[in-house]
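First chain written, first letter: the chains are A, B and C, and each begins at residue 1.
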Amino acid sequence: MKKMTKISVLILMMAILLMGCGKSDANKADTSLQDIKDKGSLVLGLDDAFPPMGFKNDDQEIVGFDIDVAKEVANRIGVELELTPISWDAKEQELATKHIDCIWNGFTKNADRESKMALSIPYMKNTQVAIVLTDSGINTLEDLAGKTVVLQNASTASDAMDQNEEFKNSLKELIKVDDNVQALMDLKVGGSDAVVMDEVVARYYVEKEQGTYKVLDTTLSEEEYVIGFRKGENALTEEVNKHLKDMAKEGLLAEISEKWVGKDLTIVE
Amino acid sequence: MSPEAILKLLQYMITASAMVGKIFFLTLLFSLPLGLLACFGRMSKWAIIREPVKLYLLIMRGTPLILQLFFFFYFPYYVIGTTLPRFHAAILTCSINYAAYFAEIYRGGIESMPKGQYEAAKVLGFNKSQTFIKIILPQVIKRILPPMGNEFMTLVKDTALVSVIGVAELYQLATDTMSQSASTMPLVMAGAFYLAMNIIVSKGFEFAEKKMSYYR
Amino acid sequence: MSVLSVKNLQKSFDNLRVLKDISLSVTSGEIVSIIGSSGSGKSTLLRCLNRLELIDSGEITVDGDTMVSTENDKVKYAESPVLKQIRMKTGLVFQNFNLFPHYNVLRNITEAPIHVAGISRTEAEAKAYELLDKLGLTDKAESFPYQLSGGQSQRVSIARALALNPKILFFDEPTSALDPELTGEVLKVIRSLKSLNMTMVIVTHEMSFAREISNRMIFMDEGVIVEDTTPEELFNSANERTKAFLGKFHDVIN
């Protein structure tokens, strides 16, 4: 019996390991752009619960800043844009197993992602901020010493915390939940004292529930949003970059940003 | 949330509930017979059949369904270079997972049958399959109705897990709408839908138990 | 004519020898009772005769068909068509009735004739009603086993066995699970079968009944047949083991 358990655990671990390592197609010619054109669609993977970048409206249509931009880019490439809601935890798997062509959903640039994927030029700047209840009396990050902070699991908010060792260590506890709304709920019911999340997203909720939350002035980290493609698919990446630059020149990116975020946060030159 | 938004969401939830129903019925369609097969394998006198089946039952019941969903959707890509469509992968995983539980429930029912029933059937000349189909199975079904009711109700709720491989269903609809509206209302509504579906399931089992109560 | 013939039957469970070289024969129309204390092997013998246990060596022949034989220490059971034929010629009434709880009385009786013997439903039901009438159970045809008394259940199980028109009927302590006041009705039924010339082998503890109904009585002890004789001779036996066993039933006999 014991042996059986061991064997099954081993098999399971092997399987998970296998799931984790993708094939490397380093020697293959880069046909990524042609592939997209051939099949006539660009499949965009997103966590459709990430307002205002990509989310579902009351009519269950996926909308947002990223969606508007992606639609225009696909249009310019000459292909259809196909939106595929995925589990954010599984985004790397979705990309590696070719279920999606790109991750385009407030995807933050970092060193790890840079080494594992082909990334577009940064198109929007974002910061990690802390949100507290308006009447909490907390005004600075220092005020959060000995308090509890909650954030979304597998998000860059948790990376930002790692970069701010000192702040992180000053906390009593760091809680991770499944999504940002759950984090905000946790804050609202007193389960925690602050939420760390993307500024872009934070502004959406502060706007949504007027008077409930406030964003602390000090930011935890500066970061940039990029689009993630499969490693080696540079032709497709370059094509998207080209269209982003064009759209920036035409003022289209700024316009879309105004529409969803209320100001121009785009950084494409 | 505004009343209009709630009303709209209500309509979408009805559609999403149909998806839950689809997963529920398809999973049962495959897992109920597969479970019986696994049950026979588990009770086989040949170790070459019995032991692999035992391993299957152990793995399926011993690992989280959510992990199995990930596994069956993504893993085939690394082996054969392609994967099943999301919905198919979800049905496949739920089916082989639930078949494992059903197998053990069947086995419990079959092994609880008194030996005398087999002997009476044997001396009357019934062959093995007649004995099973005419004598044993009908009595087993009556005995396993309560634990089966448990599993059926759990399945309704477990359909919420398939969203991890991107299959849109009720729970995902609720959490997505929650993100967009920053309101917990969608969750409460989804809860009501799951409850309503399980009320139907439990009523169904109540009816079946009543139907079977003509004998003791 | 011999309906049942057993030669040199041996049966062990693990290392325990339960039946040691049993030989007996039953002729048509005969009623043979097997008595003996519990553990004497009489129930195991009956189970071997009905293939609920497989024997280790020996020979069993039912109505001319050899069920099992032994050559050079190798036990050989007949091919399945022969075994099936033998099955149809024998009936067994269990101590605990073993009725099918999910079928009503009528279906308990007709299920085997229809699906094993291949008789039409109409014919099977007609035969079942005839048997129920004979056994005084006509009004119970639609009842389910849980609605019957022990005596009624045992009578239904006798009807179920008779429905296949067996050549020989075995009873495994048919009244042991019944309250004393209910044994009478079952014994009465068995008596009525005697008048129909049914060949019967009855394992029982009902000494006076056995004495009254049997043509022959077999006393078994520790896996061997101690005596195989008429009731009169058995009850006047000089054998010490027989006397010791019957002594326990002294008050019943007189």
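Criterion: a contact is a pair of C-beta atoms (placed from the backbone, for glycine too) under 8 Å apart; a residue touches a chain by one contact, two chains touch by 3 or more.
Chain by chain, the UniProt names read as follows: A = Amino acid ABC transporter substrate-binding protein (PAAT family); B = Amino acid ABC transporter membrane protein (PAAT family); C = Amino acid ABC transporter ATP-binding protein (PAAT family).
Note that this is a predicted model, so its numbers are computed, not measured.
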Most extensive contact between chains (C-beta pair count): A-B
Can you name the chain that lies farthest from chain C, using the mean of each chain's Cα atoms as its centre? A
Judged by C-alpha centres, the chain sitting nearest the middle of the protein is B
CA centroids of chain A and chain C: separation to the nearest Å works out as 80
Averaged-CA centre spacing for the pair chain B and chain A, given as whole angstrom: 34
Centroid from C-alpha atoms only, then distance chain B to chain C, rounded to Å. What do you get? 46
Within the complex, which stretch of chain B touches chain A? 4-5, 8-9, 12, 54-55, 58-59, 62-63, 70-71, 74-75, 77-78, 83, 86, 163-166, 168, 172-173, 175-182, 184
Per the touch rule above, chain C residues touching chain B in the complex are 50-52, 84, 87-88, 90-92, 94, 96, 98-102, 111-112, 115-117, 144-146, 160-161, 164
In the complex with chain C, residue positions of chain B that touch it: 114, 116-117, 119-120, 122-126, 130, 134-135, 138-139, 142, 214-216
Partner chain B, residues of chain A touching it in the complex: 4-5, 7-8, 11-12, 15-16, 18-19, 21-23, 48-51, 55-60, 84-87, 89-90, 93-94, 96-99, 178-181, 184-185, 205, 208-209
